[in-house]
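As written, the chains take the letters A, B, C, D, E and F, and residue 1 is the first residue of each chain.
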Amino acid sequence: MKKVAIVMRKAPYGSVYSAEGYRSIMGLGVFEMDVAVAFVDDGVYVLLKGQNPAKLDMKPLGDGFPMLSDFDVKQFYVHAESLAERGLTADDLVMGVEVLDSAGISAALAGCDVVLPF
Amino acid sequence: MKKVAIVMRKAPYGSVYSAEGYRSIMGLGVFEMDVAVAFVDDGVYVLLKGQNPAKLDMKPLGDGFPMLSDFDVKQFYVHAESLAERGLTADDLVMGVEVLDSAGISAALAGCDVVLPF
Amino acid sequence: MLFMINKTPTQYGNLASALRIAAKGQPILLYEDGVYAAMSGAQSEALLQAALADHPVYALEADLEARGLTRLVPGVQVIGYDGFVELVEQHNVAPWI
Amino acid sequence: MLFMINKTPTQYGNLASALRIAAKGQPILLYEDGVYAAMSGAQSEALLQAALADHPVYALEADLEARGLTRLVPGVQVIGYDGFVELVEQHNVAPWI
Amino acid sequence: MKIGVLIMEGPYQHQAVDSAYHFAKAALARGHEIAGIFLYTDGVNNANKFIRPPGERNVNGMLDELGALGIPVIACSACARFRGLQKDMVSANIRASGLGSLAEFITAADRFVTFGD
Amino acid sequence: MKIGVLIMEGPYQHQAVDSAYHFAKAALARGHEIAGIFLYTDGVNNANKFIRPPGERNVNGMLDELGALGIPVIACSACARFRGLQKDMVSANIRASGLGSLAEFITAADRFVTFGD
């Protein structure tokens, strides 16, 4: 079974990347694939609590992530330094995640066959 | 007569912005418009000598700039700090330009009605 | 001249670049992903404090709300699209995108 | 893991980010606008020297030539698309775009 | 006041066209006139009338709505050729034309705002 | 070796599709098989057969050429709906399909490379 890492490094709403990253997790999750999701750099903003893009007539993104476990996606890694630089802690995020240092993220990626960047 | 500043801040070839900035200078130059061009940040790379995108099957960009004077575009400003940070001097550029410090670029923009970013 | 910033200060140089070029007193508008610069407690707060020392700084409410940003650096003025238009009434525009 | 960088180091954080995550010995490929990081004499050279201390660093020839880049930091290995493919043969890929 | 608008990115990929739309609506609400909206580079892709986003905002519909109000919404014809946008794909209240339209909007406008990436 | 490719940006706006093409050609020249090329988000716009760049490389033609060699080149059907790319606009050697094709390419490939912005 292929191990796929979805690496989110971009902020949501300004571009489509994070929304499509989410859709690809669901899309690939239904196939026989071992999917891990890593949030690095501006990608940590994707998990921020309280997103409400109603005034932009867009769909909220963050709240969908806790539901991904229904698609058997259960490995969520957040880069500790990226969080800290942005003045954030794990409490600011929509779900419980594994907070890893750079070496931890590196090791998680090294265990994957494919990295899809969003 | 409207004074328009084309501000180039992006590097060439990686995206279409600098090529379209060039095309817009020509396109607007033929109309009754006072066009100035400012190169700031990665935009200074647009004027680098010796560009040759033949292997990418693209058209070279830098060499076109000296010809813009035929379209009555004669105000070219380059941001001194952006050049220096990149280890470049005016000798590395395809044409003679006015090298201005931040205050000079600021003043040049302040004298314009419209800023088009590329 | 109104400087418009639509990128995060953490992965993009747009805000830092605008602050070099903008003359004292010229306003800065944070919109789209640029609003992340308004968050307090981030390392980029130093950049925003530098901005506030010399410029009025505005952040677009719809973009803040979309991204769930509530802890803002004091001094940043939150405005709607109507406030955005009001700034454009008062200034020529330099989109530093 | 091959880290692929397609943005300039002067306006984008991609290279700096990759250097935090890449393990010692993992190769870095500069391509598209990423090749500007290979220029010697730029302020970003310090970042590239840090990269070279821990990683093999490659730059794509077609992208260097397109942009007129000739003064490269010693140690950067210039490769063609065939060399790019060779790196992909040897490593899984992390596009740090 | 007359305000001109330039859009340089396409539908859904970037927020640029959304920001431009909300800005234009707010400008109209404050009593301003939009001198014109010029769609440049990938911006021309917003003119495509076949855009059918299931359950989401229709970006083409939003621009076409502004065109229906009488605002000139013009897609750069050269950019359209580069991107395969043919005349019969352009929605009813948007037209294709050259950079002359951009020059015209700049000339007519008291202020000019660009949205892009 | 089997190599899969993902493209996330459209024609001319970014270099992504050009880089993907030159990479794929070099991979074929080294004797590899391209498991498939998936066009995602703005990448679907490269499938448009009406792309007619005056005096420049034709990005659609480049991808279609790879398709003609028997490489599956697939445009994401949902992204196509969001961007107004209809079935009859897609060039002869490219097809629209769902994320299942991406999953298939990933499964088949020994290596997988993404090009985007």
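Everything below uses one rule, namely that contacts are C-beta pairs under 8 Å (C-beta built on N, C-alpha and C of every residue); 3 or more make two chains touch, one makes a residue touch a chain.
What you are looking at is a predicted structure, and each value in this text was computed from that prediction instead of being measured.
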Work out which chains are contact partners of both chain C and chain E.
-> A, B
Find the geometric centre of each of chain B and chain C from their Cα atoms only, then give the gap between the two centres in Å, rounded to an integer.
-> 25
Length of the line joining the C-alpha centres of chain D and chain E, rounded to whole Å | 38
At which residue positions does chain F touch at least two other chains?
-> 12-13, 15, 22, 41-42, 56, 78, 112, 114, 116-117
Shared-interface residues of chain D (touching two or more other chains) are 6, 10-11, 13, 17, 32-33, 62, 92-93, 95, 97
Touching two or more other chains - residue numbers and ranges from chain A | 9, 13-16, 41, 55-56, 58, 113-115, 117
If you go through all the chains, which pairs of them touch?
-> A-C, A-D, A-E, A-F, B-C, B-D, B-E, B-F, C-D, C-E, D-F, E-F
In the complex formed with chain F, which residues of chain E make contact?
-> 9-13, 41-42, 45, 48-54, 56, 60, 78, 81-86, 89
Show which residues of chain D lie in contact with chain C when the two form their complex.
-> 10-14, 17
Give every residue of chain B touching chain F within the complex, in rising order.
-> 13-16, 56-59
Note which residues of chain A are touching chain C in the complex, please.
-> 9, 11-15, 41-42, 45, 48-56, 58, 62, 85-88
Touching chain A in the complex, chain E uses residues 12-15, 18, 22, 56-57, 117
